[in-house]
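All chains are identified by letter, namely A, B, C and D, in their written order; residue positions are counted from 1 within each chain.
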Amino acid sequence: MGTRKKGLEFAKHITEIITKATGFERHLEKVQITGGGDGICTAEFKVGPEHLNRGGGLHGGYTATLVDMITTYALMSKPCHPGVSVDISVSYLKGAREGDDVVIEANTIRAGRTLAFIDCILKHKKDNSVIAKGSHTKYVNFE
Amino acid sequence: MGTRKKGLEFAKHITEIITKATGFERHLEKVQITGGGDGICTAEFKVGPEHLNRGGGLHGGYTATLVDMITTYALMSKPCHPGVSVDISVSYLKGAREGDDVVIEANTIRAGRTLAFIDCILKHKKDNSVIAKGSHTKYVNFE
Amino acid sequence: MGTRKKGLEFAKHITEIITKATGFERHLEKVQITGGGDGICTAEFKVGPEHLNRGGGLHGGYTATLVDMITTYALMSKPCHPGVSVDISVSYLKGAREGDDVVIEANTIRAGRTLAFIDCILKHKKDNSVIAKGSHTKYVNFE
Amino acid sequence: MGTRKKGLEFAKHITEIITKATGFERHLEKVQITGGGDGICTAEFKVGPEHLNRGGGLHGGYTATLVDMITTYALMSKPCHPGVSVDISVSYLKGAREGDDVVIEANTIRAGRTLAFIDCILKHKKDNSVIAKGSHTKYVNFE
């Protein structure tokens, strides 16, 4: 199976997971998984009113939620157990406003026997400027 | 005005902010602000189905959202501008399940002229065991 | 054995480790371990010329080294394997200059079967103002 | 001036700074700056006995010191004031032993008017496997 086809299969699989989500994960309902596989997951969404803080910018908690989830999807594409979170860190570089198109890219830097390390970046689609970057360390050892 | 009275005034003020929230902050609607003032904010909530991940545990993205918001409320009690996020880090120590009562405590370690540093801890109410701890660095210089 | 006596025994034990250190740990040679036990380690040092950055302040890399080591000593007091580092984060709140006396306190928040989470704070001895705070996540499962 | 020539000029400039260092920065004396410019700094070093922890691996405190310094050199190449540290986070993915050749790459993701965000990665030269990755947030506003 080609890389592009694998990416589409992966995107379809994750989209189904999001569609069926009942808990906090349902807040990714407007996030479109665009590709992935081999430790990577890419996604896009348009900032909506439900994603904003009081100042009218993309909410830092929603950004952190996206870092948490898109890195987890990336890890699941290894394929690998989704694991449990150990540490998440997020840096906020630039704002985003309602209507902005945001591209998300998560990349598994290392998935060891017990720990996995996945990076994530959120960028403006219009100019590739970085909105936020995050790191997620997960415990994956469930032998 | 006494400390306890000030704490109640602060709790009332933040509760009004949450009640009126229209964006992502509305996901704190079930979080009860229990006190605060002088750089501190305390809160409580019962883990509901809307806060869960697929595994039935408290979602890491919701935990990060709580760290983001409760530290911001703590900072606002200085009183101080809520500022904008620079860096958030969260460590996940222990799980929480639906029905668990969770206590949140945020404490401003330093609010300087340009940057503020606020810590946050989420604990099980039943035994004070730590669920998560977080740090939030905010930029507050808007002279 | 009383808590104070246990603290002195622990301080003596760690001091011997530092004295015999041959690698990078020898840069703690002027750090005095003042107490500890049950997941805690306290220490003190006077900022010397060898700890400075070009600007004449306490070097951020030395601060990070202290966070790394004093949290590890705290963990060793459980007693527990020193473990291996997973994630370290440090926030820099305030400067320190040559001659300043600095107090360091590390506290194990949780030492589970596989992961341990230890916090650390560096304070000015003169006024308890916080110079830096750090978090260290270690992998400790060597069954 | 060509990119390669600019890189060599930059490497020479930073090498002079390290050579003249009197404080904690002198521990980079064996680190060879290999290039840089436009927000980037690359370097190499061979792990020596002075960089080790008791277990014979590359010391986490030295790794954090390298993240701190190489990101600062990257920022200085913008050109830009070196700034002061706000937050540093380091993830430790893989060990390194004495004699291993390590490549370091730092990249300025954003240098704004008041804050700069620089990433850093340490890799084994032999196979490009990641030893550690770090993020450094600096305050750069000294108008």
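One rule holds for everything that comes next: a contact is a pair of C-beta atoms (placed from the backbone, for glycine too) under 8 Å apart; a residue touches a chain by one contact, two chains touch by 3 or more.
Labels paired with UniProt names: A, B, C, D = Thioesterase domain-containing protein.
Computed from a prediction, not measured in an experiment: that's the story for all the values here.
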item	value
Relative to chain C, chain with the most remote C-alpha centre	A
Inter-chain centre distance, chain B versus chain D - centres from mean C-alpha coordinates, in Å	35
Whole-Å gap separating chain A and chain D, where each centre is the average of the chain's CA atoms	28
Rounded Å distance, chain A centre to chain B centre (Cα mean)	23
Where chain D touches two or more other chains at once, by residue number	86-87, 89, 91, 137
Arrangement of touching chains [line / ring / star / complete / other]	complete
Parts of chain C lying in touch with chain B, wherever the complex brings them together	87, 89, 91, 93-94, 109-110, 112, 117, 119, 129-130, 133, 135, 137
Parts of chain A lying in touch with chain C, wherever the complex brings them together	86-87, 89, 114-115, 137, 139, 141
In the complex with chain D, residue positions of chain C that touch it	17, 21-25, 27, 49-55, 57, 59-62, 64-66, 68-69, 82, 84-92, 95
